[in-house]
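Down below are the structures I want you to see.
Next, two complexes with chain A in common: one pairs it with chain B, the other with chain C.
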Partner chain A sequence: MTVSTSTSNKTQSYGVQSTGPANIVEIFKFMRLTIIWLSIIFGAVWGACWLFGVVLPACVEGFGLPAEISQTIRYFVPLVAIMVFIPINAMFMVLFERRALALFTVRKGPNRVGPDGLLQTAADAVKLLLKEDITPRGADAFMFTLAPIIFFAPSIFGCIPLLAAATGDHRLFSIANLPTGIFYVLAASSIPVVALVMAGWASNNKYSLVGGLRAAAQAISYEIPLVLSLVTICLLAGSLDVVEIAQQQVGGFLHWNILGAGKLLAVSQASPITFVTAPLLAICCILLFWLYMTGACAEINRIPFDLPEAESELVSGYNTEYSGIKFAIFFLAEFTNLFVVSAIATVMFLGGGESPIPGFLDTGFFVSVMGTLNSLLQPVPALQWLLNSLVDPATLSCVFWAVTKIYLIVFFAILIRGTLPRFRIDQLMDFSWKRLIPLVLILFLAVAYLRELV
Partner chain B sequence: MDREFIQILEIIVFVAAGFALPALGMIGLAWVLQKVFRYHAPNPIKNQPYECGMEPLQEARLQFDIRYYLYALLFIVFDIEIIFLIPWALATHDPDLLQNFGSMLAPIEITIFLGILAVGLAYAWKKGALKWE
Partner chain C sequence: MAVNVGNDQLKTDEMIINMGPQHPATHGVLRLLLTLDGEMVRNVEPVIGHLHRAQEWQGQNRTWFQYQALIDRVDYLSGMFTSWALARAAEHIEGIKISPRAEYLRVMVSEMNRITSHLLWLGTYLIDLGAMFGFPFYPFREREKLLDLLEAVAGQRMMFNYIRIGGVQCNPPLGWFDKLKRFTEEFPDRVDEYEAIVTENPIFLKRTKGIGRLSKSVAMDYGVTGPTLRASGVNLDLRRTKPYSVYDQLKFEVPVLEGDGDTWARYTCRIREMRESNKIIKQCIEKIPGGTTEEIRKLGDEANKDENLKLMAKKQNSGLRVKAGEGFAAVESPRGTLGCYIISNGSDKAYRFKWRNPSFSNLSVLPELLVGHPIADIMAIFGSIDVILPDVDR
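Our next item is the complex of A and B:
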């Protein structure tokens, strides 16, 4: 895009250049890149799970070893899935965010490394791995190294129950489903702030110190609305088990927790009060979703709540002194955290892996496609075995919808980042303590009463 | 083996793996590469803490006014409150309780509980504890 040289009608010429067909081409490229990357990620994870959960136990049993060994190998499938998924997915999300921000600001974004910038973040990761690791003078070297590790670890072990929810309690992943799932996820998600304070204190840098302290202030303020909104959903669902909460929302978007868990359909002439209470409950749940997204954006330090690493005030906040691979870990962990909070929102509010409209690309559709493929492959039993061991239609539909919803929420978070300016620190604290916390307490009580009245 | 026992083992393995991936797989790998290719060459200028190019005047860990200790105190109160609310939220679905006491007992109880907390928050607000100077 060339800069217009005419000084006369500047805004008009800019408008003509920015909203032409060129932008549609960019949107098309962005969607193509997303589909290619998601196929790579899920191909890799799916293949790894298949090798580890189906082929390896079959081989072990084929050699005549006891069944306990193959069963023990199957228990490690969730771990393999997470370890393969998280690094690749975080790399893709960095690219996704950069390309999306480029779309919003009418730029092209990274488009040089690989076909259409596909390998940009992979190249970045290699570059950061090979960079010199600098520890600043006067820094506490042990803490300085430990901080990124502690920051990254919860995003790996915190998402165990979500894995079971996103795969529809598939038999290989159901071992990862805890009865107190959401409680465990919340406990794990409050660890990273310790790492931010550690990073700030260990760096021996004034910007880092202020960034770390701001991170602590922000985390303690926004954790309350975040957790209380999720507890309210647990009150509505009557369970802490994420798989159970996801399965309660089967049957189209009216059954989702964001619209009051199917209470809108329970409106009846027999009890006229439900004509008031059911819509009120739905409004409460929509507000709770908004509260959750606000609190989550603040917890993971995203714009407009990125006070701890405000570039224009604190250089780069708590990670000013970090370079090389330690900086890369901070970076990847931030994006993984964004993915994890989107996954929680999907499971708790948006029905997990359920299709929004019954009959539209739901489990039955995938089952019928599998049946067709099976009958086509009838003459080749080897291929048929391969297909049936590789693909479970129910899991496929669940993963498809869960990932679609998660990435829509991620896109929404990036849209917010591209739209809103940063808060001031006193506004930030006031917004939480004087607005969000009273609101979430009122909503909690409202849901407690309305649930009984519907 | 017991299902709960396996799940606890699973969590322990996951936590260990969560720490091992960044520690060994990333930082360890970078350290090995650095040793093998010998590009680690620190010098006093490079190791100086960043302060926009100026020589830092003193240690960064100076006395610092933590303005939010009152927020931190309130946070503890609310965090414990959430711990109390979670079992309550699950217990309201107990059929015995609904049958014996009616469906409105639990919400009224929690209203009293949250009312006391709300009075506390209002008091702190009025006293100026929620003011960021």
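Our next item is the complex of A and C:
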């Protein structure tokens, strides 16, 4: 017996390996990777904005040129911010998604290129850029090239008004704000579907054609609940201005639109009927948020609504024939769209850049940190100037919370992707026209009345 | 897909799509010529033979010893069963009786192989339904453990060549039985886990309930076997209806579903079969003559003399021959009835081989199921009948 036990110890190398959730290490690595990448992204954007918004105008003025020129340079800051932000951010999001999916599925995910896989998507991007750009025989070359551009462009200019909301209406970004901001964002976000139909048709591939047509049908069906849910929130807020909507939600999570824009707090002071109407309003708003997320997932073709791509049926649908840089642009735009819809959800429902609990890592905290740093840097005036011109504590806290919330929603979307199978096209249409649209219309009427009764 | 809008009618043309042989969801190299009206399938023509390797002809041109190593490649997900069918047919000609220990080992490894095959089906089926990233990896986690165990006993993860003419190749290594026992104890919980994610998932139910109904009579007409047939309500499982090996000494249920015979029924049938296979393995560990490998080692030379514990009745070398005569044997593979017919003339090669592969008959029913369904259901239905293309084309 003793012999057999000693030999069985040697044979541990095969068979049932140790089970159990040894995922803690992977979760830690995932969080470390997220923090590193986010610091890189926002450091780069922050630096670019600082150069264009502070240093360059200061130099221009230092040379004695007229103030109009420095002002014009400042106007370019939102543009620079977006141009720097979108490509790096999309690269990070691809890695974020792959690592998150790996976490959900007992794998490790990409962890070879660069330290702990940090540079995986950068390598992928290089690979895609170097690939041959193929236009299939019989394809309409002009349309084929135009489609990815039209798909990508709206995601760039669509997110401009959100920039002002996410930075707390910082003076460099307030130019990007529009009085009808959310209307503009929605208008921009409905353009990509044209590109999908174009891509599907121009590819000269039957799978792509079916994918493109599916994309059109789906986008039209799901834009209605999506837009109506946002319209209802605008009705509740009384404004189309994203900055104003974000600023109305100041003061903790009870003031957020998802919980009825602070109407729950009005219960104790007002008439008894508010004990019913205020919670009802909050429930309506939570349903609206859910409707918005459903519509948004369908709008940006994510599982369970990824029918236009449908790898197992249509072999990636509209982008079957794309390769190289054109495919990269499609890919980039898809992830940017995910970021944009998450940003809209954050601004419209989750209080934009506000801390969920007043006093917890809010503007006051960042101001006090800045004060401490200032006093520490007292002996070196140059560094102090650098710090004060570089960091605005109010904007920092706003961006911090906005990004945290946006990435939580992105994470949620990835979680859904890791869980659900795909709808069938007719079930998808049924779900939209028979369930979501009636529900959102009812909610619209309910909110219209309830906001008067609270 | 030109659309001509007339005065009072909308006329649409049919579109012919060539799905496969290079398509991610056709599980290999099946080619389907689809005639589509919009998204609806009007006609299907499966084109097979892309993977034809003349397995029967190869068998007639290779020695017995070579061929029994080759044949597990036919159905690469359940190699044990093809080896077993071949071994049983040859033993039928020879008139050899296999020792109980070898029979038990055969049942154990085969049932393990059945579980791995069903687990792979479960994962890929969910991929077919569009759950591309999340769920499919969980069945593979358990499958990996079983493949490790099979590798430990057979030396290869998928092409085992463990069941030989005349018995099985060797005893499992030390500690193997303990590990298998631990696996059988935790496996039902894992199946519960899969069911928690999948079985009650509303999207999954919408995609599978009432889709691809296969009626009893149609299924029997086409010679469909295996879980696909049992999901349509026909109680045909060779392990029970025509017990071979030691299956008559084991307690297990054969899941037969009354009702529609839709893709959901086929899914449920396979899930239950995994649980039953697990039970069979558990019983085998308890009942196997001679017990674990450690106990056999303790017996020493006695084990080699005991007829009950002898593993191999024929010498395994290139001179392996089978008596002249003809024999047929069938086993219940994860995909259905797998039959092997041999005519031997007593030389080192067989005179004639004929295989009855379950996937071939199961695939033949596909056009009946697909017509009238949208494109997305092609994957839901084709995945649910669980076809392995090398098994179809041989």
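One rule holds for everything that comes next: the second predicted complex is superposed on the first by the 431 of 454 C-alpha atoms of A that agree within 3 Å, B and C clash if a C-alpha of one lies under 4 Å from a C-alpha of the other, contacts with A are read in each partner's own complex, and residues count from 1 in each chain.
Please note the rule applied: a residue touches a chain if its C-beta (ideal position, glycine included) is under 8 Å from a C-beta of that chain, and two chains touch if they have at least 3 such contacts.
None of these values were measured; they are calculated from a predicted model.
Touch criterion met: A:437 reaches chain B, while chain C stays clear of it.
In the superposition on chain A, A:138 makes contact with chain B only, not with chain C. Comparing chain B with chain C, the partner in contact with more residues of chain A is B. Shared-chain residue A:422: touches chain C; no touch with chain B. In the superposed model, A:339 lies in contact with neither chain B nor chain C. Of the two partner chains, chain C is the only one that A:313 touches; chain B does not reach it. By the document's definition of touching, of the two partners only chain B reaches A:452; chain C does not.
Touch criterion met: A:78 reaches chain B, while chain C stays clear of it.
By the document's definition of touching, neither partner reaches A:401: not chain B, not chain C. Of the two partner chains placed by superposition, A:52 touches none, neither chain B nor chain C. In the superposition on chain A, chain A positions 206-207, 209, 315, 425-426 are in contact with chain B in one complex as well as with chain C in the other. Contacts from chain C toward chain A in the complex involve residues 1, 15, 17, 23-25, 39, 126-138, 141, 145, 148-149, 151-152, 173-176, 178-180, 182-183, 186, 197, 201, 203-204, 206-207, 294, 297-298, 374-379.
By the touch criterion stated above, chain A contacts chain C in their complex at residues 1, 3-4, 7-8, 11-12, 14-17, 19, 101, 104-107, 206-207, 209-210, 303-304, 306-307, 310-315, 417-427.
Listing the residues of chain B that touch chain A in their complex gives 3, 6-7, 10-11, 13-15, 17-19, 21-23, 26-27, 29-31, 33-34, 37, 39-42, 44, 46-52, 56, 59-61, 64, 66-68, 71-72, 74-75, 78-79, 82, 85-86, 89-90, 92-93, 103-104, 106-107, 110-111, 114, 117-118, 121, 125, 130, 132.
Those residues of chain A lying in contact with chain B across their complex are 75-76, 78-79, 82-83, 86-87, 129-139, 145, 148-150, 152-157, 160, 175-176, 178, 183-184, 201, 203-209, 213, 216-217, 220-221, 223-224, 227-228, 231-232, 234-235, 238-240, 315, 320-321, 324-326, 328-329, 425-426, 429-430, 433-434, 437-438, 441, 444-445, 448-449, 452.
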